[in-house]
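Common to both upcoming complexes is chain A, partnered first by chain B, then by chain C.
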Partner chain A sequence: MTSAPAAHSPLAGSASGAPPALPVPRRAPSLWSASARIFELSLARMLWSRGTIFMALLVGLPVVLALLVRGVQAIGAPAMRVEGQVVTGPTIFGFMVWWLYLRFIVPVLALYYGTALVADEVEDKTITYLFTRPIARGAVLLGKFLAYFVCTVMVVTPSLMIVYFLMGLSGATLAGTFPSLLKDLGLVILGLLAYGGLFAWVGAQFKRPLVIGLVFVFGFEQLALIIPGYMRNLTVSYYLQSLVPHAVMSEGVLSILQSLVMQKASMATAIVMLIGIGVAFVFLAMRVIARREYVLEQ
Partner chain B sequence: MSAPIVTTEHLSKWYGQVSGLNDVTVSVPPGITGLLGPNGAGKSTFLKLITGQLKPSKGTVTVLGEPIWDNPGAYFKIGFCPEQDAFYERMTGLAWVTALVRLNGYDEAEATAAAEKAIAAVDLLDAKDKKIGAYSKGMRQRIKMAQALVHDPGLLILDEPLTGMDPLMRRRTIKLIKEWARQGKSIIVSSHILHEVESMTSNILLINNGRILAEGNVHQIRDLIDTHPHTVFVRAEQPRAFARHCLAFDDVLSLRFEAGAVVVQTGKPDAFYARVTSLAATDEVGLIHEVTSPDDNLQAVFQYLVK
Partner chain C sequence: MNRTSRLFLMGSGFVLAAGLGTGLVAFYGGLPTLASAARSVGPDELKYVPEAAAVVAYANVRDVMNSEFRQKIKSVLPDGEAKGQEEFQRETGINIEQDIDYVLAWMTPGPNTEGKGHPIGLVLAHGRFDTAKLEALAISHGGLVETIGSVRVIRPEANHRPDVEVEAPQTLDATPTVREHLRRHPAGAAPMVAFLEPGLIAIGEEATIRAAIAHGSSGGRSIRDNADMANLIGDLEGSSNVWAVGRMEALTKNAQLPEPLAQHLPAVKWFSASSHVGAGVSGLLRAEARDEDSAKNLRDVLQGFMAMAKLHAGQKPELAPVLQSLTVSGTGTTVALSFEVPPALVDALIELKNAAN
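Up next, the complex of A and B:
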């Protein structure tokens, strides 16, 4: 649509003299190339942003809990029992993966960062610099989403691995439980993708994305999971739950309740749905960004 | 005559019920154009519309012959320096400008070279490796200008570019802007520091309440305000005698005394100047040392028009 700029001498007469004219790019960077450049620009900013402490606290929480449990075991305290059964380290690990990581840390991180992908730039009034460059606006969101994804995966997976080595290995061999750890890591990554995509769209589309996200995760999803029927199909946690390799509790009243609510999709369906949710909502968010006006407060 | 760089037709922008710009039809010629208006006049809305950040509620905007909204390719030819003092504070000036020009399709080496050149052009080379968070206000303004011109655009749109600069840097920046214009770039500068705009260009757009009040050469604009009171400062040997004569003139609307001088408001400046010349030729009011008009300054033109 637009031809490249005329190759007149750039900034002739500048203080530095007149270096040879630079080659002028003929075309705008492709969507992927532009996204990669936005990714580079955003990753370090995201890692060292005001949310860093929040993120550290979140992923540090299960590590601290695991250390506490190990500490209690080390001083010879009696083993924890539920309905007469000793609760082992791997059981606690499985419990932490589902309740702490997948039901709390992953959605909260995705909510915090996903809704802020563009909102932070708007709030900081730096979005102007990105939106007045010859790249598709969607590339800004895609690049930022990739930065969010890499950033959170880089932070959450080490936390999960530390907790695994503290709790999950207890009484078992690394070789025996390693496949389970890989599944847990995969689940966390899928969760970050699906929730991240969803909240990227919520952040792009709505004015109060945090409230909407909190209501979705801690209201709608909790409710939908215990109500029989198809409503659970509209949640992310349903598909995550379908892939959880751990039996959180195996006997007693809890297991009966669990069996009532823990209906599962097939593994293939769950994986496809989680990836599909992530990709589809990122695409929707890109569409929203491309059409939306941002009026910066003066 | 050269094709206009920016053309708007019946351009309007509303923020909900609030009108930001109202039915503006204007053609901005190549060269330097000053966009003048008080705060809230619609300058920023106008600049955001012509830089494609906002979509017109009504009407059309064409920049360098192309529509600007949803046309990212147009940004190859446009450099925008926004008003807001907003940056990636933890990045160095060089890293920031390099990262931005990479979005124009430059590879790392080209981007770094272009960034260094742009930073040199705004005289900030010594501070290129400092974090922007440690920059002074003037340095921040300059690095913002560097990111606008780093890809060598044909049209520079500068929103209040002189804010925060010390007088020397202002003078240097004004010189640079004029130099860029001489190289063939077109520049639209918004500012509220009118004498500085006046020192860059005589081609101005006056804007207030979302409307363009006047456009064109400052002298043409002065013609438009002949119906408004025109102030003339006369330093005379006998100010009271001079004032007595002035009271007899129909076109004198008011007068007041200053030390050794009379400040007259007239509705017919040309006729008034002619009479002053006649009076000076007689001995009735003694010597007339000085006749000046603050209306020769853009500030006065602007004040009249926005009243």
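Up next, the complex of A and C:
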């Protein structure tokens, strides 16, 4: 045991008169360990970057709204009514989950951070430093994507939890609504995964990823959801909508119109598709970054 | 990763873990009525309503009496009603328009296993009552004034006492259920009035009154401990001045309903009906079905009824706005039917009535 290191020592050869042995080259880290290093580096940068205020504003908005609603309730103002129907705390919470979190905050955060994974490095001309490291290029994207995912999940889900405790309990018991909270948390996580993967690929593939992403989220997806046919299958929103546990749309004529065009994917299909979209697009983005030559503008 | 990032992640993780932990404990029975504990739903008098009550109804009499709608209706009502009210006030000292704040009532089906037969219940009225005058009135009509515990009660007449002798609870700490009392005191018990608290009277059968007195003193479990009912009441509180909530089967067992509707009602677990009487009147009937299919079927049946009603609206064009305001909505297991009588329509109807006179 003790003689083994001596045999590999560079001095071992000279002592015996043989030419000195070359140092054993260090093996490049595996994809996962390289990704873990990039993840660690990127996480702190993402949490405390110029986007932090933007992210805080986004996730703080529902909390502020929930506080306002609670404040109005506390001073004894009459309950909000829509077409004679009382809008209760859990109803407002369901509305906020769908319209604020899943239709706005999740896509916007994914768009902002997902497209920036590669684009920011190109723009800041720092991608060269990453590419010159002895790691697979794909690991750079994978590590950054994992950092995005952990960062956004750890910011959005606590916000949702706070809003739930502020809003969800004003008319329903905690025990009764807890399963739907778990579904909401799961949906937010799946949404961040699917949208994040998609926009990571958009950011790696296209030159103006932010514009393309905005058009996709606020143009294509909105339109595709109300067009009868198979177009909706090409959206992330369709699969998220299929899993939403709350009654998000229920009023009068709008409800009838939407029920005519509204279709739902089965729960299993929706979950598989959301995970599949996330994983597939991250894989595609890794392939793109591994093969593409990024020209840095001077 | 730097220290600030680690602290941030730990903070986020703590919020998540605390929320999930609280939820899990509640879900597995530890905090079943956290919401109820955090905020007592409904009027205080709900403490006199037993946990097993099938239907609970509330009317804010003062709100309704002072409403613009009521004032308009009053202007076209015949004088007979006003005279009746005056006579009632002369006899009892109670001005219905001003002295009663609100009325709370509960009901539950009969005590036998099928829930058939004699339903039981209690009416609680909160307001300003001249106890001495009411007692004197009762005595002058042959009634009796007694005391149960520390509560004064009025029996209508000595010879109207129930056939079965009523036993007072052994101690007021005991909390006999209404069902227990009714097992001992079958149907036919005479109604009585109890002055439960200053400004609160209860009207009901002796057994239920005694149960309410015992229940009020012991502070036992009430309808607020029934999470489903507490949720329904909490949802309506503050938004309507007249409401009723309950289990649908309690209503439908003995009811004669149209066949298509009766077929679908067994699928309904809970219902709530609420109305807000202000300048106009708006109302909402909400039902919670057992499953999504049942809810969809019920929505279809209601849509059919509405279509028929709207078809007949041509014969009474003045009611068209009300029929147009009828909306069937709801998703999942919820079915809701709402309507609205706008103030302008009330004015139009009053004008029509005046013109007809």
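Following the convention adopted for this analysis, the second predicted complex is superposed on the first by the 264 of 298 C-alpha atoms of A that agree within 3 Å, B and C clash if a C-alpha of one lies under 4 Å from a C-alpha of the other, contacts with A are read in each partner's own complex, and residues count from 1 in each chain.
The rule is simple: a contact is a pair of C-beta atoms (placed from the backbone, for glycine too) under 8 Å apart; a residue touches a chain by one contact, two chains touch by 3 or more.
Quick caveat, the model's predicted, so the values are computed rather than measured.
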First (chain B), second (chain C), both or neither touched by A:Val155: second
First, second, both or neither for A:Trp48, with chain B first and chain C second: both
Which superposed partner A:Gly229 touches (first chain B, second chain C, both, neither): neither
First (chain B), second (chain C), both or neither touched by A:Pro179: second
Partner chain(s) touched by A:Glu40 [first = chain B, second = chain C, both, neither]: both
Chain B versus chain C as contact partner of A:Phe165, first or second or both or neither: second
Shared chain A contacts, counted only where both chain B and chain C touch the same residue: 40, 44, 48
Interface residues, chain B side, partner chain A - complex: 15, 44, 51-55, 66, 70-78, 80, 82-84, 86-88, 90, 99-100, 102-106, 110, 113-114, 116-118, 120-121, 123, 125, 147, 149, 151-154, 179-180, 183-184
Residues of chain A that touch chain C when the two form their complex: 40, 43-44, 47-48, 73, 76, 78-79, 81, 83-86, 88, 150, 154-155, 157-158, 161-162, 164-165, 169-176, 178-179, 181-182, 247-252, 255
Interface residues, chain C side, partner chain A - complex: 1-2, 4-5, 8-9, 11-13, 15-16, 19-20, 22-24, 26-27, 29, 31-36, 38-39, 227, 230-231, 234-240, 274, 276, 282-284, 286, 325, 327, 329-332, 334, 336, 338-340
Residue numbers on chain A that touch chain B, as the complex places them: 1-2, 4-6, 8-16, 19, 22-29, 33-34, 37-38, 40-41, 44-45, 48, 124-126, 128-137, 290-291, 293-296, 298
